Amino acid sequence: MGKQELRYAARVSLDKPAAEQACLHNRWHPDVPPCGTIKNNEVVKIECVDWTGGQIGNNDSADDVKNVDLTRVHYLTGPFEIETAEPGDVLLVEIQDVQPLQDQPWGFTGVFDKSNGGGFLDEIYPKAAKAIWDFEGIFCSSRHIPGVRFAGLIHPGILGCAPSPEILAEWNRREGELISECSHLDRDVALPPQPKNVHAGSASDDIKEKVGREGARTIPGRPEHGGNCDIKNLSRGSKVYLPVHVKGAKFSVGDLHFSQGDGEISFCGAIEMAGVITIKFTVMKDGMAQLGMKSPIYIPGPVEPQFGPGRYIYFEGFSVDEHGKQHYMDTTVAYRQTSLRVIEYLRRYGYDDYQIYLLLSCAPVQGHVAGIVDIPNACTTMGLPMDIFDFDISPGTPAKKMDMGSCAFASN
Amino acid sequence: MGKQELRYAARVSLDKPAAEQACLHNRWHPDVPPCGTIKNNEVVKIECVDWTGGQIGNNDSADDVKNVDLTRVHYLTGPFEIETAEPGDVLLVEIQDVQPLQDQPWGFTGVFDKSNGGGFLDEIYPKAAKAIWDFEGIFCSSRHIPGVRFAGLIHPGILGCAPSPEILAEWNRREGELISECSHLDRDVALPPQPKNVHAGSASDDIKEKVGREGARTIPGRPEHGGNCDIKNLSRGSKVYLPVHVKGAKFSVGDLHFSQGDGEISFCGAIEMAGVITIKFTVMKDGMAQLGMKSPIYIPGPVEPQFGPGRYIYFEGFSVDEHGKQHYMDTTVAYRQTSLRVIEYLRRYGYDDYQIYLLLSCAPVQGHVAGIVDIPNACTTMGLPMDIFDFDISPGTPAKKMDMGSCAFASN
Amino acid sequence: MGKQELRYAARVSLDKPAAEQACLHNRWHPDVPPCGTIKNNEVVKIECVDWTGGQIGNNDSADDVKNVDLTRVHYLTGPFEIETAEPGDVLLVEIQDVQPLQDQPWGFTGVFDKSNGGGFLDEIYPKAAKAIWDFEGIFCSSRHIPGVRFAGLIHPGILGCAPSPEILAEWNRREGELISECSHLDRDVALPPQPKNVHAGSASDDIKEKVGREGARTIPGRPEHGGNCDIKNLSRGSKVYLPVHVKGAKFSVGDLHFSQGDGEISFCGAIEMAGVITIKFTVMKDGMAQLGMKSPIYIPGPVEPQFGPGRYIYFEGFSVDEHGKQHYMDTTVAYRQTSLRVIEYLRRYGYDDYQIYLLLSCAPVQGHVAGIVDIPNACTTMGLPMDIFDFDISPGTPAKKMDMGSCAFASN
Amino acid sequence: MGKQELRYAARVSLDKPAAEQACLHNRWHPDVPPCGTIKNNEVVKIECVDWTGGQIGNNDSADDVKNVDLTRVHYLTGPFEIETAEPGDVLLVEIQDVQPLQDQPWGFTGVFDKSNGGGFLDEIYPKAAKAIWDFEGIFCSSRHIPGVRFAGLIHPGILGCAPSPEILAEWNRREGELISECSHLDRDVALPPQPKNVHAGSASDDIKEKVGREGARTIPGRPEHGGNCDIKNLSRGSKVYLPVHVKGAKFSVGDLHFSQGDGEISFCGAIEMAGVITIKFTVMKDGMAQLGMKSPIYIPGPVEPQFGPGRYIYFEGFSVDEHGKQHYMDTTVAYRQTSLRVIEYLRRYGYDDYQIYLLLSCAPVQGHVAGIVDIPNACTTMGLPMDIFDFDISPGTPAKKMDMGSCAFASN
């Protein structure tokens, strides 16, 4: 008489390579075959592997992070065909819950090596590093970053519907142009389609080859569908409105985060985990026109951790870089400076800079665009919650250096 | 026996030109003479004019905004000599209150003309525009933007201590270099020292001439002292820690805002007002070294308006511009796109784009750096509080076009 | 062109006895003549004296509290005739702001002597006591209770419309019956009409005599109109819906509080002050029937101080009294026990019990009905915000006795 | 190398009678044998049955509620022996998580029949009634109360350590005296020890007989140990400080609630469920003396649902009962009146009174002691969150009667 237990629309195995699981894929392409069908208004559970597909271990070395194979990521679960969805519709995705997998109560935060992925501060912190986080109910703590503990604002880093062929072509055009323009730089500026290690679910060899050749990488997010947006408060209880570009929507989700700070600055910076997400799907017919929508919108859920405004220390940063160079209204430079200010503040307690870099990536820090009009300085702020520390970090209390151990580093 | 009423450290007149008031000045320079002395641990009230010094009127034309003389701004109150403060100290500024002047219960938000100041979206919205806001207690509303009403998170846009001669020289060097590098562009990228309309308080002619020649403009904020940071939650109850660079600190404050949105996107974008700020000053000896401080930090007060996380609609933007060009990790581009997404959403209700542009500048919108590592797309979000509207703007309710009147425009 | 400054519907003088001011009165009666008229949809300012009419001084003795003349209180401002309001309507009162009078930046909290007013814990704490609070912007602190400082959640303790003759008769009937039933007790259980010191505004002698004979005291609040409800979050931004019982509504307001804790346990327990309240009045025709309303309802404003749920210590109390007697589902007994638990906790820091009793009356403590069904024990909780103290009161930190001075007491 | 999965200190079966499971018991008594040992500082999971031990079914009849056998309840899990705990210590219980059992994603709210349990409003609503709630992630909704949906603030209704023999004797003395004093009343005022259906875990027959004869019922909570306190925000993340009265503490927990309103007014009023709770146990040696503790205290967790203060409608109630009788400072009467005011408001939408009675018991309503000193009227408030409804219940929007179906009732 009562409601049935919720159906799993997909289950994953942690014991089997991600590349061999038909409900996973690692490129955006309209031709990846659906791994299942979901009714309009249905609520289902969907399991996800961690985004690296199990490349990172619960240990005290960052060798795995240093050598991570980025051609294989992100492993997303899906795509799912949503009944009645058509191009021009909006898919309303209500996130009823996200949880770690019962038998894997841990996650990781990594800093990529500058030569393999890098991160927001890789000019200054080029080495690979890692922290393992243990989950105890709604809280997490790390043996690699002592003195902190916080409740997760758990969310998917990636969710979206498949691009149409036209949209995919546009992505490849504009990102290809950027790559061409920047070919003189010594760093990757975008990731072009990559046939190596492509996984297209249950696709035939032909389709798989096509997906490898054309398919968009899961890094970065893109305006037309959201995708890898890495938004920290797109969490439990959120209602997300996603544009639909192909028949059946072909929704995919993955990259689950136990917690993330605004910016996810160390790149592999949230607390990455395998888990299960519970979603209700509803199709809004002709929603894109009705909402005047070009990019996804969302309404957060009601349960994010609350510290009170007066329990944050806010740091300011401006678009003058660490070499004294003035940049013109460059919010990215400003946010980098803001991050450095927090590192300088916290290292007074005995933390290594890499520990703080990892922490700011995954703890619930608030990153705000403050002023963006006073030429030439963009100003950004980062709010650091004092209550995640088990000692007093307020500016009024003198800092004492403590033994803070170490995060995991690569072997050399 | 009881406490005395608080002392006014400075009072301003709205009936006298700002340039003739000795407690005001409009350049940052160590030689601007103090207009008063404040004891360590003293609490005082300080009156401020609006930042334009009364150039903008409570009327229905934006001619005044279009023709504003930016060489005259910002008029700050101060500098104040804080007893015992020395270079290397930190000045703790506790903002006990900020209020509009009793007899001027209104403020304004402006969009500058692209050729005279511009703003964050001036490529798209080049015209001058204005909205007048009436204050009713803690709330404000505007005849130029019907349908909205909200409580102010009232704060100073500018506060800081005077630069040392060395810091001032560094500002002029680096901003000068940017100006040189960008001389081919058709827009101002920074504002160099400007003798015209300089106001150096009670300075002698010699000093005034020197301040005009060397003094830093009050646009922009700068990392060494904060200054024009335009941070919306640096409001009532905040504790601000400011680096001290000269003997006596020489603290100045101004540019009071009744409310501001993250980014203050239309430039003259907060609700600008004349008012009075109540501050407690405390000197932390040797505070810069103790706090490892290069830029100001602050702890917000406990009273910011609360809407609940589920009462915001969040919009996403990415670093692909409106011409389809892919930018590399450009958070400024991403935030511009985010702003445009909100404009597109709200125009469905009958608002003119300029009305929305003004509104997003001054209403308590939350601008977050979401993801800043997924090359090549920075992702930012803007949270729009639904409860400031007196009609239902939730995506689940069909939008109806209404007659929304008009903001003020320039005569042609 | 712009909006005018708001009109004062009534101004008070602190230099003139309250009993001589025509815009004040101290009884509820339909015949008290209006002291002014307010239009439907008008916003006005209304000044109020403190509820004792200036009987309590800013000094270090509680003699004035001990000897307070309760026949004179509360002095309310009004009544105001609201145009178009008729019996059966609802008067929507939007509180746009409440502020202390500029030249009286202080307030007081008192414990009445058991023999003259008493309070919630008068069996245990029978002596008169007092604390003076100084206002610094949005914050207050007291020389009589060192170590605490908090932002006010400022509000009127009393507001309501005049009773009809029928309602007034009902009040006198039911309260008279209680007095009769309890005549064997050695304490006042209710306050009957009292001709002594009656103030009926500008009433003629006849009317004044009638008001004295029949008029309801301003202690307590009553369900039919609200009145002296003493609700701590009926603060700035609140919308209050009040039943209208007489033509013109005859609205009165007073007993302004800078801050109050749930229960206002020491009776004169909020931070009592003179001040000015800004209100918008709107008449909802036939509102009582539409809303099914028997007692006032309200929607709080958005700006109450936020500490975060994890910044409160909650204390539990049950309906077993301090003599070990079991009471049946007595929430009043439970809340008294809860209050005592907090006193026991805080006295470990060196506070005198009377200081804590005063503090719990006026600081923003949360008093909740927790469980009210598990016979025979009602359970209530009181949440004490840790952040109002300038030292660490968390249970994990050992308590140290400090010199906490003293509150004001009566001379003997 | 990484942390192990958490240990279950106890598991329950839903397929086996509660009375046959050795890790359950249903009386408070120092001699109930421990069902396991937990180390100081250990984190464990503990499973709990619903408090009735499975007497209530997921169906559309309230016959089971009407005929519930209250001699059998509450089934608690435990007692657990906590290593190193001694009388006088405090047991710090950190609630890391609470979740429903995976395979039982539903709970129930009941109104007991007046003749078998009753409830807060049983004079007015004497019939048995029931609502079944389905869980979808962090949210719940009910086919018996359409139009509402909310996130749970999930918590245990009962937790505490065993009484010492002296404390148990005191409980029996004082509750026995109340029963004697009230023998003339036609309702139960307290529940004396009851041998029938006693369950004492794995106790020998002798011990079981003793526990039946002396053991305290699990209704009500009691000041010395907390127990059945039914506190709605003693939820995930809370730190609870419990007095220890016997060697090993003998901690028990049960009566898990998916959500509860302040007061839990319908008695079986929270959303009752079977589930699993994750707890960290830490012993504070000599904690009772250090904390001056007579009753438990707690600090809530950071994740309670947030609606914003302006999203509540608050209702006022006073200690005048529905027959017009004036009670003296009776907070229980005031809270009953407050509840009735909400029922009157919500019935305008088509809800049956019993549906609302059930809803107010389990939805996150805020019940506050407002004023408790203005003789003779205690004033309480109840805050009803508007955002749990899927239609607009604000007073400004005219109410429309809808078809709201029905809750479950008993067959006659």
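A few remarks follow.
Going in written order, the chains are labelled A, B, C and D, and every chain counts its residues from 1.
Everything below uses one rule, namely that a residue touches a chain if its C-beta (ideal position, glycine included) is under 8 Å from a C-beta of that chain, and two chains touch if they have at least 3 such contacts.
Every value quoted in this text rests on a predicted model; they were computed, and no experiment measured them.
Matching residue numbers shows that B-C is the pair in B-D, A-C or B-C whose interface repeats A-D, with more than half of the contact pairs in common. Among the other chains, B has the CA centre that is most remote from the centre of subunit D.
Between subunit B and subunit D, the centres computed from C-alpha atoms are 51 Å apart. Per-chain CA centroids place subunit B at a distance of 39 Å from subunit C.
Measuring from the averaged C-alpha position of subunit C to that of subunit D gives a distance of 32 Å.
Each of the following residues of subunit D touches two or more other chains: 237, 301-304, 306-310, 387. Chain contact summary for the complex, subunit A toward subunit D: residues 1-3, 5-6, 43, 58-60, 95-97, 102-103, 105-106, 132, 134, 136-139, 151, 236-237, 278, 280, 301-307, 387.
Across the interface of their complex, subunit D is touched by residues 119-120, 170, 174-175, 177-178, 182, 188-191, 219-223, 226, 228-234, 237, 239, 241, 262-267, 269, 290-304, 308-310, 312-318, 320, 324-332, 335, 337, 341, 344-345, 347-348, 366-381, 383, 394-395, 398-399 of subunit C.
Within the complex formed with subunit D, the subunit B residues making contact are 306-311, 387, 392.
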